[in-house]
Amino acid sequence: MKEKKTHNIFIEGPIPAQKITDDVQKHSGKTGIGAHSIFLGQVRADAKEGGAVNGIEYTAYTEMALAKMDLIRENLFAKYSLTCMHVYHSLGTVAVGEICLFVFVSSAHRKAAIDACEELVEQIKQELPIWGKEIVSGQVSYWKENQ
Amino acid sequence: MKEKKTHNIFIEGPIPAQKITDDVQKHSGKTGIGAHSIFLGQVRADAKEGGAVNGIEYTAYTEMALAKMDLIRENLFAKYSLTCMHVYHSLGTVAVGEICLFVFVSSAHRKAAIDACEELVEQIKQELPIWGKEIVSGQVSYWKENQ
Amino acid sequence: MGINVLFFGSLTDATAVVELNGVAASNTAALQEFLHQQYPALRTARYFIAVNQQMVRENTDLKTGDVVALMPPFSGG
Amino acid sequence: MGINVLFFGSLTDATAVVELNGVAASNTAALQEFLHQQYPALRTARYFIAVNQQMVRENTDLKTGDVVALMPPFSGG
């Protein structure tokens, strides 16, 4: 039986911007890589009844999300010629302007990295049991809906 | 007559990895941004007759490249709903594992950022007069050809 | 023992709890009927059901120890 | 005065110079003929021509002060 390693994707609070550079630098020794495709989600100050959004509070069905993420990862590695794939998603509160999602895909060539990254972002949004609550104030909040 | 500002895109040597985080952080105050799409080109140690590639030496017809880049930028801003677009390309020598291209596109929503970033990377590769020479050793080098 | 029920996202506004333990229900339809009685606001809510982390679309038999999650449309990212 | 000619990328292997100043040529076809005489390896090279940074595909008249660039296929990124 194939042993499976579950990768944790969840980070409490915002994803530190420094992580982006740090993770890129960790790949400088992988000399077969020619292309990195990165997607970052940033919390927007959308205008709502009652004021502008101040932050988003994320919750998830973490066990199911991680199991689903492993499947998505496996399918994308089977479909594209990739060197690495890393995903980080916030839990808890992320303020406006901060990063809540960091998706990082590397490949020898640009096409595989770009296509896989785009597909991965879509699948994260559509298939992972994660919910965002847009906080306007202590009294006013709205459950986020993805487009 | 419309005044045009030419943006420099060229950086001598490798693009410092720290620039990625620094540039992301500069956008945390732009609270209408919801998505950043980033592409990085990294120099590969391709196997060649005579050994593996050690680095790439980039030259360009810089005036023409910058004028062309301004047109590409203008067309993409007209086509997609974007907040920002930044491009950096190395000139001179970039060693294996280092970053030679940094493309950074931001938008309120993921689709515009991702699509514009992909189109921008293709246009940079196909339309900018830049040439790479793959250096294997002091004696052996190969002019790079894009796929 | 019985069934373990988890509520997520906006559904917790309707239930005011995130988890119920030891619910008696032999299938998901019976469970839903019970939950809709208990939390009337759930009746008009749009949600998916997962049994032991697998999404189910039709009425599904339940056994003691099963974990049933009620999940509104996802909004991660 | 005359024409200013720029060579880029792999073409500089054929020419061993990157720039020629004051070349006498009334159009791009005449200029190419002159350059192919001077640098025979250019004859088999694949390249594009830009006059004052505009790509040209057909024979184009030149005037003194024009800048003509000979460019092999691009390979940036």
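Note that the chains take the letters A, B, C and D in the order they are written out, and that residue 1 is the start of every chain.
What we mean here is this: a residue touches a chain if its C-beta (ideal position, glycine included) is under 8 Å from a C-beta of that chain, and two chains touch if they have at least 3 such contacts.
No experiment lies behind these values; they were computed from the predicted model shown.
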Reference subunit A; chain at largest CA-centroid distance: D
For subunit B paired with subunit C, centre-to-centre distance based on mean C-alpha positions, whole Å: 49
For subunit A paired with subunit C, centre-to-centre distance based on mean C-alpha positions, whole Å: 26
Separation of mean Cα positions, subunit B and subunit A [Å, integer]: 23
Residues of subunit B engaged with two or more neighbouring chains: 41, 110, 121, 125
Two or more partner chains touched - positions in subunit D: 77
Interchain pairs in contact, sorted by label: A-B, A-C, B-D
Residues of subunit D touching subunit B in the complex: 6, 8-10, 13, 50, 53, 69, 71-77
Complex interface listing, subunit A residues touching subunit C: 41, 58-61, 63-64, 67, 89, 100-101, 121, 124-133, 143-146
Subunit B partner contacts - residues on subunit A that touch it in the complex: 17-22, 24-25, 27-45, 52, 96-99, 108-110, 113-114, 117-118, 121, 125, 147
